[in-house]
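I've put the structures underneath this note.
You will see chain A twice below: alongside chain B first, and alongside chain C after that.
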Partner chain A sequence: MNILANLALRGLATGAVYALVGMGIVVILQTTNVMNFAQGDTGMFVTYLAFFMITTAKVPYSLVLVLTVVAGALIGLIVERFMMRSVRSRSHLSLIMLTLGLSLVFQGLAAFLFNTEPRLFPPLVAGDSIKLGPVVLSRQDIVVLLATIIVFGVLYLFLYRTKQGAAARSISQDEYAARVLGIPTPSIYMLVWAIGSALAGLAALLIVPRFSLEPSFMGLIQVKAFSAIVLGGMDSVFGAAVGGLIIGVVENLVAYQFPAIKDSFMLIVVVIVLLVMPQGLFGKRQQRRF
Partner chain B sequence: MLAIENLTVRFGGVVAVKGLNLTVEEGEIHALIGPNGAGKTTVFNAIFQVVPYTGGIQFAGRELRGLPRYRLAEIGVTRTFQNLSIFPSMTVRENILVGAHSKTQSRFVAELLGLSGEPRQRLAETLDFFGLSSLSPTYAAVLPYGTLKTVELARAFISNPKLILLDEPAAGIPTSEKGTLKGVIQRMRDAGTTILLVEHDMELVMDISDSVTVMDFGEKIAEGTPAQISADKRVIEAYLGEEIHAAS
Partner chain C sequence: MVPSRRRRLTANAALIVLVLMVPLVFRTKPSVIGYLNIAMLYALATQGLNLLMGFGGLVSLGHAAFMAIGGYTAAVLVMSYHVNMFLAVVAGVAGAGLFGLVIGFPSLRLSGFYLAVATMALGSSVADVIKRLAITGGDYGLSNIPSLRLGPWTLASDASRYYFFVVVLTLVFLAVRNFLNSRSGRAVRAVRDSEMTAAAMGINVAAYKLITFIFAACIAGLSGALYAFTISYLHPTNFGLTFSIGLLSMSIIGGLGTIIGPILGALFWVMLPLIIGAKLTYLATVIFGLSIIGSVVFLPKGLSELVTRVQTRLKL
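Showing the complex of A and B:
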């Protein structure tokens, strides 16, 4: 029982990682209908900047946290303004291919500038692990879990309680109608790409101490995050968050018995879920979705 | 209010609208009618800068050419669509609020806590005006077509537009509900909104319009009051021609 509880809770901590990345992807997806394949590597790239700020420039960690989020947002603004905007009217598929290309550019650039040697990244909060009854969690795990809850709360309020959020959701459903109704679509696109990419930076920075910093470290995480949002229904931050947590827990439990199929098992589950409920667990077909 | 001068729209070799002059006076319901393919919707699309055109389109003395689409709502021009363009996974309330975007101040904290006073009141008034109050929290996806047409009208109306372009508001509406629709359009006009109406339902057009412009093959063939139009020989020919064509 103790073992199971431990595995489940540690799985939750891993799932929070997927949830964080997934929510950033969904915010952009929900507005632009673009699956941002560069989400993970945008985060990876700004995490390198964070690494040198901490180790070389000795900038305080709290300030680095802020700067990383800002750097992510800036990348988002640049991507939207100078790449997405000019291609948007021509081909939707090209937009998605662009993000895929961007992902490779970030990886190549990181390898070129910083080499591929793995680096250990200091955690935001160091110190002994914390015992919660029978369960042991590292302090960083707890930070990631808390961040997931906070990010979900903030995104929910943004999307469902502000006029910019409503505007963002309306664009993906009918862009032309949204414009005719007076939604300044160019600035809403900018806003959403900034938020999504800022989240990419935040997520990567919080995650990286669990792994090591190298150009490819977000690769598998991003695949899991995609699985999370497909499982959760593609169009809700709630679905992405819960989908991420489910994947984290299940995968950790499976890994205990069958370590070899840890990564593939969840993808099979996702395929089965899609066959049975194509809209995902919390997708559009349901009436209430948040 | 709206002045269209010598408007011409070409698609390749086809001339969809040819030298159209059209003036919509403030406070009227002005119907634009004509057989299918006469170019009515193309006129709407030109006003909204969707298709390239030559000629001039002025609203309240201001040339619209080159204006980004979302700026039209800001200066008081909006439209509804022939094929519904509702946001299905949003509630009626949310759908209508999107229409108010350009007219609401963004006070972030106030919004997080719920709407601040003025937009909330405007929303309540609008819901009431269109008889949608009880449907406010319902998701658009589950509502019948006729109701969604009304939601679309409310969404366009909440921003207090000076001019609304209605593209076939009666299409797909059951006959029993057409009386209500007439009343709603007339009350929109009485509330101070000028209306340019494209519609195939002649009974509705003749009942509520203040003036009517008839187009055929991209050109204006007649203009006047509903009474003058229903007696016009060219109009009858254009429509009879269509009916014979449709029957064959």
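Showing the complex of A and C:
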């Protein structure tokens, strides 16, 4: 029993990683209808900047956290303004390709500028692991879990308690009607991209101490984050958060029993979820459109 | 004979001679031929993806998995079960096609982003499963795969393989072109342009989506099988998501929905890192990314659009 509880809680900590990345993807997806395959690599690139701020420039951690978020937001603004805006009406296929191209640019730039050797990123909070009853969690895991809750809360407040959030949700329902009602869609798009990319930076910075910093470290995490948003329903931030946590826990339990299928198990589950209930756990049921 | 037609014939003849001359020109630098061979194998796999995305309108972010299945099936059959190499390649193609059928089923219900995620998940899990199996060499990879043999002849040198691949590539590309110009090919394109219209005209949408997936998977499987006997080493991580995205990039940069696009894309992909040198290899990734963005925004037909422009300029 103890082992299972331990595994489940550690899985929760891993799931929080997927949830953080997934929420950023969903924020952009539900409003702008772009599935951002560059989300992970945006975060990876920003994390490299943070790494050099910490190790060479000796900037204090709290300031680095703020600067990382700002850098992520700036990247989001630039991407929206100079890339996505001109191709908004293109097909899903083109949009997927664009963000994939962007992710290659980030990966190549990171490898070219900083070389590919893995680097150890200093954890945000040093110190021993913490014992919660029978369960042992590292401090970084707890930070990630807390961050997931905070980010979810802030996103919820943004989407449901602010004018801009309401505008973002209305665009996701009907972009044309939103424009007719006088919602400044271009600036809302920019805002949403800034928030999404800032989240990418924050997520990558928080989770990098668990792995090592290298140009490809977000690859598998992003695949899992996509699985999380599929599981949760593609248009729900809550779904992405819960989906991420579920995937983390189930994956860890499966890995304990059957280590061989750790990574593929959830992926297969995702495909089945897509086939049986494409709206996911919390998404809106949609009519199939041709 | 009409002048323009004569010109086109001359140009084609010149192209064929040029292609056949390449091994002679680079006789002193066999590595170039080796890279060209790789480019041709990639072009083969990319043609499958091109068929799927450019003509079928279906996304696949797991195309490298088909190559992996084709390659591993053929290599394991030859190495562990001592099957005739030709039969092994056929089995590899069939195995990939069968898996194409499996992956094709999600495409009946999903489209756009959903299909992208589903194929990404399936593709990644194939690489993962191969890594865990014992018969495939697991995480150590499969090495010492025998060289390509064609009946009594062993194609050991790069130049001999070059000619063989040119023939295979030509045959497959002709097959794809003829398929696309046939009744079935028109049906596939109709499904891409509008599923509802296609269904209304009596086209069996589900069947044609599956056919496209199987055909595309078979071509990629053939590419994978030949790749195994050329490189004589297979490793699951080479066929992960990264390589799937690589194949996607090749098809986009070369030009989606064009027959020659995959060749141009694969040549660009393989040759660019060589041209800009080992020190700047990672810069090539940046250029690939920028070229993808550039082709989507400015050149929807990619590099093949440039070729078409040159052709119009020369009045071919």
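Structure notes:
As a convention for this text, the second predicted complex is superposed on the first by the 280 of 290 C-alpha atoms of A that agree within 3 Å, B and C clash if a C-alpha of one lies under 4 Å from a C-alpha of the other, contacts with A are read in each partner's own complex, and residues count from 1 in each chain.
What we mean here is this: a residue touches a chain if its C-beta (ideal position, glycine included) is under 8 Å from a C-beta of that chain, and two chains touch if they have at least 3 such contacts.
All values derive from a computational prediction rather than experimental measurement.
In the superposed model, A:Ile130 makes contact with neither chain B nor chain C. When both complexes are overlaid on chain A, the residue A:Asp235 reaches chain B alone and has no touch with chain C. Residue contacts after overlaying the shared chain place A:Ser264 against chain C, while chain B stays out of touching range. When the two complexes are overlaid on their common chain A, residue A:Tyr176 makes contact with chain B while staying clear of chain C. After overlaying the two complexes on the shared chain, residue contacts for A:Arg161 are found with chain B alone; chain C is out of touch. By the touch criterion defined above, A:Val87 reaches chain C but does not reach chain B. Of the two partners, chain B and chain C, it is C that touches more residues of chain A.
Across the two superposed structures, the residue set of chain A contacted by chain B and also by chain C is empty. Residues of chain A touching chain B in their complex: 157, 161-164, 166-167, 169-170, 173-174, 176-185, 235, 284, 287-289.
Chain contact summary for the complex, chain B toward chain A: residues 48, 50, 68-70, 72-74, 78-79, 81, 85-90, 94-95, 97-104, 106, 108, 111-112, 114, 139, 141-142, 155-156, 159.
Within the complex, the chain A residues that touch chain C are 29, 35, 83, 86-87, 90, 92-94, 96-98, 100-109, 111-112, 116, 216, 219-220, 223, 226-227, 230, 234, 260-261, 263-264, 267-268, 270-271, 274-275, 278, 290. Those residues of chain C lying in contact with chain A across their complex are 53, 57, 59, 105-106, 109-114, 116-118, 120-122, 124-125, 128-129, 132, 194-196, 241-242, 245, 248-249, 252, 280, 282-293, 296-297.
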